[in-house]
Amino acid sequence: MSDPALIEGRGLGAVRGERVLFQDVSLAVQGGDGMVLRGANGSGKTTLLRQLAGLSEPQAGTVQRTTNHHWIGHSNGLKPHETPRSHLANWARVWGSEIEVEDVLLQMQMHRPADVPCRLISAGQKRRTGLGRLLLVPRDIWLLDEPFNALDADGQALLAGMIATHRAGGGAVIAALHGTAPIEVSDEVVL
Amino acid sequence: MSDPALIEGRGLGAVRGERVLFQDVSLAVQGGDGMVLRGANGSGKTTLLRQLAGLSEPQAGTVQRTTNHHWIGHSNGLKPHETPRSHLANWARVWGSEIEVEDVLLQMQMHRPADVPCRLISAGQKRRTGLGRLLLVPRDIWLLDEPFNALDADGQALLAGMIATHRAGGGAVIAALHGTAPIEVSDEVVL
Amino acid sequence: MWSILANPHRFMAFSRYAVPVCYAIGTALFGWAMYQALWVVPSDAYQGGDIIRAMFIHVPSAWLCMGLYLGLAGSSFVWFIWRHELADIAARAIAPIGAGYTALCLATGSIWGKPTWGTWWLWDDARMMSVLVLFFLFLGYMALRAAMETRQKAARAGAILAMVGAVNVPLIKFSVDIWSSLHQGPSVIRAEGPAMAAVYLNPLLISFLGQGLIVAAMVFTLMRAEVFGQQADALMARRLSEG
Amino acid sequence: MTLPSPLLSAFRQALSEAWAGGAGVLLPFGFFAGTAVLVPFTMGSDPDLLAKIGPGVLWLALALASLVTLERVFQADLQDGALDLWVQEDGSISQIAAVKTLAHWLISGLPLVLLTPLLGMMLQVPATQTVPAMVAYALGGLTFFLWGGVAAALSASVARGGLLIALIALPFYLPTVIFGTLALDEGLGGTSILFLAASTLFALGVAPAAMGAALRLAAD
Amino acid sequence: MTLPSPLLSAFRQALSEAWAGGAGVLLPFGFFAGTAVLVPFTMGSDPDLLAKIGPGVLWLALALASLVTLERVFQADLQDGALDLWVQEDGSISQIAAVKTLAHWLISGLPLVLLTPLLGMMLQVPATQTVPAMVAYALGGLTFFLWGGVAAALSASVARGGLLIALIALPFYLPTVIFGTLALDEGLGGTSILFLAASTLFALGVAPAAMGAALRLAAD
């Protein structure tokens, strides 16, 4: 192994109810990698991603992360009363980001509904707002759970572009996906 | 016009905030039709569908439905404590359905997690449970808002098959979709 | 001793014999104490006549319910730090028994209180209130565990609650004590030594010992049932995964 | 009484929802514990005083239970999309709302009523008042839930409008509280209990329609 | 005091959240209206009686406000995915929970304290008790919110565990209620207010860690 892995899982396992969802899953991701998690509905992609993110305790195995990561889950983490602008501005402050929120809104094409409370914006607009967090601070690892859901064609191209740029800059992506991946896949884990 | 339309909207319009989302949208759907609503994120597909379903009052225009309809929105209508089985059984009772819930669960391939509370099942399993309602009672109109979201390849094929059968039996579908439609499109409305 | 018992197999081997032995000795001691209490000990006019006989259940149950909470908090701590499966099993077994004993203490106390103080219940009595609160701690602990999805989560949630509760118990006790009290002060466990006639003291201590052994036996029984249950689950899971 | 099947199902679903929430079993305990511990400490344990405030404490508890419970129910229905499904059951959303209210009252209100004798003992309510008290609490509680449901439905689309609800519901609670308190004194032979029953009937007649309209608005 | 930026942001966000919820402006009003209307009707308007129960009613209101508020906050954080984001801010989830609790206390607890003179007038609390009462309610309310936060965090992953929360939180509220009630009688010179302050400090020390652990569990 030349590079040390940015994130590495060894012998991961998950049990839900009486059922073993997966076991003995090992994976490692280096800078530039784009790993895709595949599997049928309910096969455990979300569960595995949450273990990698440290959100869930693995029932077996260990996870090692060398750097910080971004997390985009099935839900976007938006409060009903927040606006896209206030959401991004808040997380920019939390992470001590220097970036202009205005730029992020523009890049995500969310400048028009930027001041509409999130309970009123459309599903795709919610997703774009959540994805906007990826641009606030550079973090090497992106953990994305079905990130292309609810996006229109433009939005999918936009996200694919963001991922490509991120990987070109030495970042890594692990994404759970259904269907054809709009990104270049370097590695696949099938659950 | 030979057949009377199952559902017909005339001169529909929606205003949100200061903005006109769409105006003068007229559409009519006959038995066997599969109409697809297209448009960028936030263009008003969900809004239009809700007007057609009678969930939202149109700011302009009128909607006429000749028969009953099924509604599948962005959220699936599941309670956290319900199980897929109890959810379907409940709506079967509400609608006076004769069908066996067990069969619906099998058809949606939800028999395995049928007794796990909905807050614990995966995103795709939630969607399959919601879609299962379509099979409980036959209704001529299906209004579907991005119904393929969160489904795996099998699930998408399954839904496409359900839609095809429904249309073959004289039903109509109006669906908001992004990307390539996995169904045969008879008519398209672009917002 | 605990490090030996931390191994489930050794625990099972040990408790297999310990349970019947504890039951036997405990019942014998408790039986003797009850015989003394009901037929031998003279009635005490000052403490409400024959009702003083309730003391031989009331006081041991009071001590035991406090002891059981300490046990609960202790095993929760062990589980939280070292994740010894058996510590969680112990905590889980202690809770219902603790709640039961707390209820017993409350019940015997109020039965005793009716003739002596003329009321079943006193709102501003410090002891009564702190025992009631202990009862709620046990109930809350059990309700919380019951509400969680998985055993692992129930254990984590329960441990957090039991530990925080343990830190808070002295504060509760202290606050309640400065409030006011009708209940008599300690007359057995105190710095100057017991201030109680031997006719009362001996059966009381024996009753405590006997009930303590019975409680231990009950806890072990519940723990054994749990270990068996888990072994059965594991077996079932293996069968399922094999086909 | 044979309910049409959608109503019966709504009822069953609401029952299981209320039960699964844990509120069913725990509300009486929680409330019991709450009064048992907090009231005497904060207000003193003088039996005369307790006898005076006891019935009032129970009214407050019922009022709170009704407000807190229904707010959550409708808010949750709105967020998880279940409201959309119910609203489309043509014309019957009012009845469905009524039936759901009833179910939640059964689970969260009635147990308090059933515990009245026990609480009454603790709070020194005279034994002769127990039966009239239970009737009054049962009727009054149901009325609270109905009006509370209207307020909850009205503010369902406002993010966490809990206190808006309290403000809207309060005026409606007032007649119930007045008749209920009087009924406790007068007993079952008095006229107040009739007025109380009348106010319950009135609520049963008016509240469901209002709830239905408010829920339609919330779904829009 | 300069807070590190994540904490400050969590604080600002929680403030705006509490405010947007409407609870901020309305809680004192709602409560004010509620007590003003319900208490005299149900418990009588005898000034002596009101003077006795007035402080107790305020304690109860603070206790309820703390329970209801924080339950929603954590439950909502869990459902909309915001909890996932906070849990990953390494190691600081305890501090963030503490800061959020503080913000919600500021918005939902403190206004009640500030209204004390007015409510006290209505409930016949003697004027000399006003200042000690305000201090006691401020300290006591904060303690309520801290322990209530632990209970709420513990039951956040349970569907609508509102009453579980009440059951869990009660024992922890007891010392505060006792010291607080005593402090009202003794005034600022007494020792009880010191004990009350000590119990608040104690809660500040212990509760955040417990909340953090419980929230991590809820996210799992």
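Going in written order, the chains are labelled A, B, C, D and E, and every chain counts its residues from 1.
In this section, a contact is a pair of C-beta atoms (placed from the backbone, for glycine too) under 8 Å apart; a residue touches a chain by one contact, two chains touch by 3 or more.
All figures in this text were calculated on a predicted structure; none of them were measured in a lab.
Participant: Same or different, please, for the chain A to chain B contact, judged on whether over half of the interface numbers appear on both copies.
Facilitator: same
Participant: Would you say A-E or C-E is joined by more C-beta pairs in contact?
Facilitator: Most C-beta pairs in contact, of the two: C-E.
Participant: Roughly how far is chain A from chain E, centre to centre by C-alpha average, rounded to an integer in Å?
Facilitator: The mean C-alpha positions of chain A and chain E differ by 36 Å.
Participant: Could you please state the distance in Å, as a whole number, between where the Cα atoms of chain B are centred and where those of chain E are centred?
Facilitator: So the centroids are 44 Å from each other.
Participant: Taking each chain's centre as its mean C-alpha position, how far apart are chain A and chain B in Å?
Facilitator: 28
Participant: Taking each chain's centre as the mean position of its Cα atoms, how many Å separate chain B from chain C?
Facilitator: 57
Participant: So which stretches of chain A touch two or more other chains?
Facilitator: 57, 74, 80-81
Participant: For chain C, write out the residues touching at least two other chains, lowest number first.
Facilitator: In chain C, 129, 133, 136, 139, 143, 147, 149, 179 touch at least two other chains.
Participant: Which chain D residues touch at least two other chains?
Facilitator: 20-22, 26, 29, 33, 37, 41, 44, 76, 79, 159
Participant: Tell me, which parts of chain A touch chain B in their complex?
Facilitator: Listed in rising order, the residues are 16-17, 39-43, 45-46, 74, 112-113, 116, 120-125, 127-128, 146, 149-156, 178-179.
Participant: State the interface residues of chain D toward chain E in the complex, per the touch definition above.
Facilitator: 20-23, 26-27, 29-31, 33-34, 37-39, 41-44, 49, 52-53, 55-57, 59-60, 63-64, 68, 72, 76, 79, 158-164, 166-167, 170, 173-174, 177-178, 181
Participant: Flag every residue of chain E that touches chain C in the complex, lowest number first.
Facilitator: Those residues of chain E that touch chain C are 150, 154-155, 157-158, 161, 164, 167-168, 170-172, 174-175, 178-179, 182, 195, 199, 202, 206-207, 210, 213-214, 217, 220.
Participant: Help me check something: in the complex, which residues belonging to chain D touch chain B?
Facilitator: Those in contact with chain B are residues 5-6, 8-10, 12-13, 16-17, 20-21, 76, 79-82, 84-85, 87-89, 219-220.
Participant: Which stretch or stretches of chain B touch chain D in the complex?
Facilitator: Checking each residue of chain B against chain D gives 53-57, 69, 71, 73-82, 86, 90-91, 93-96.
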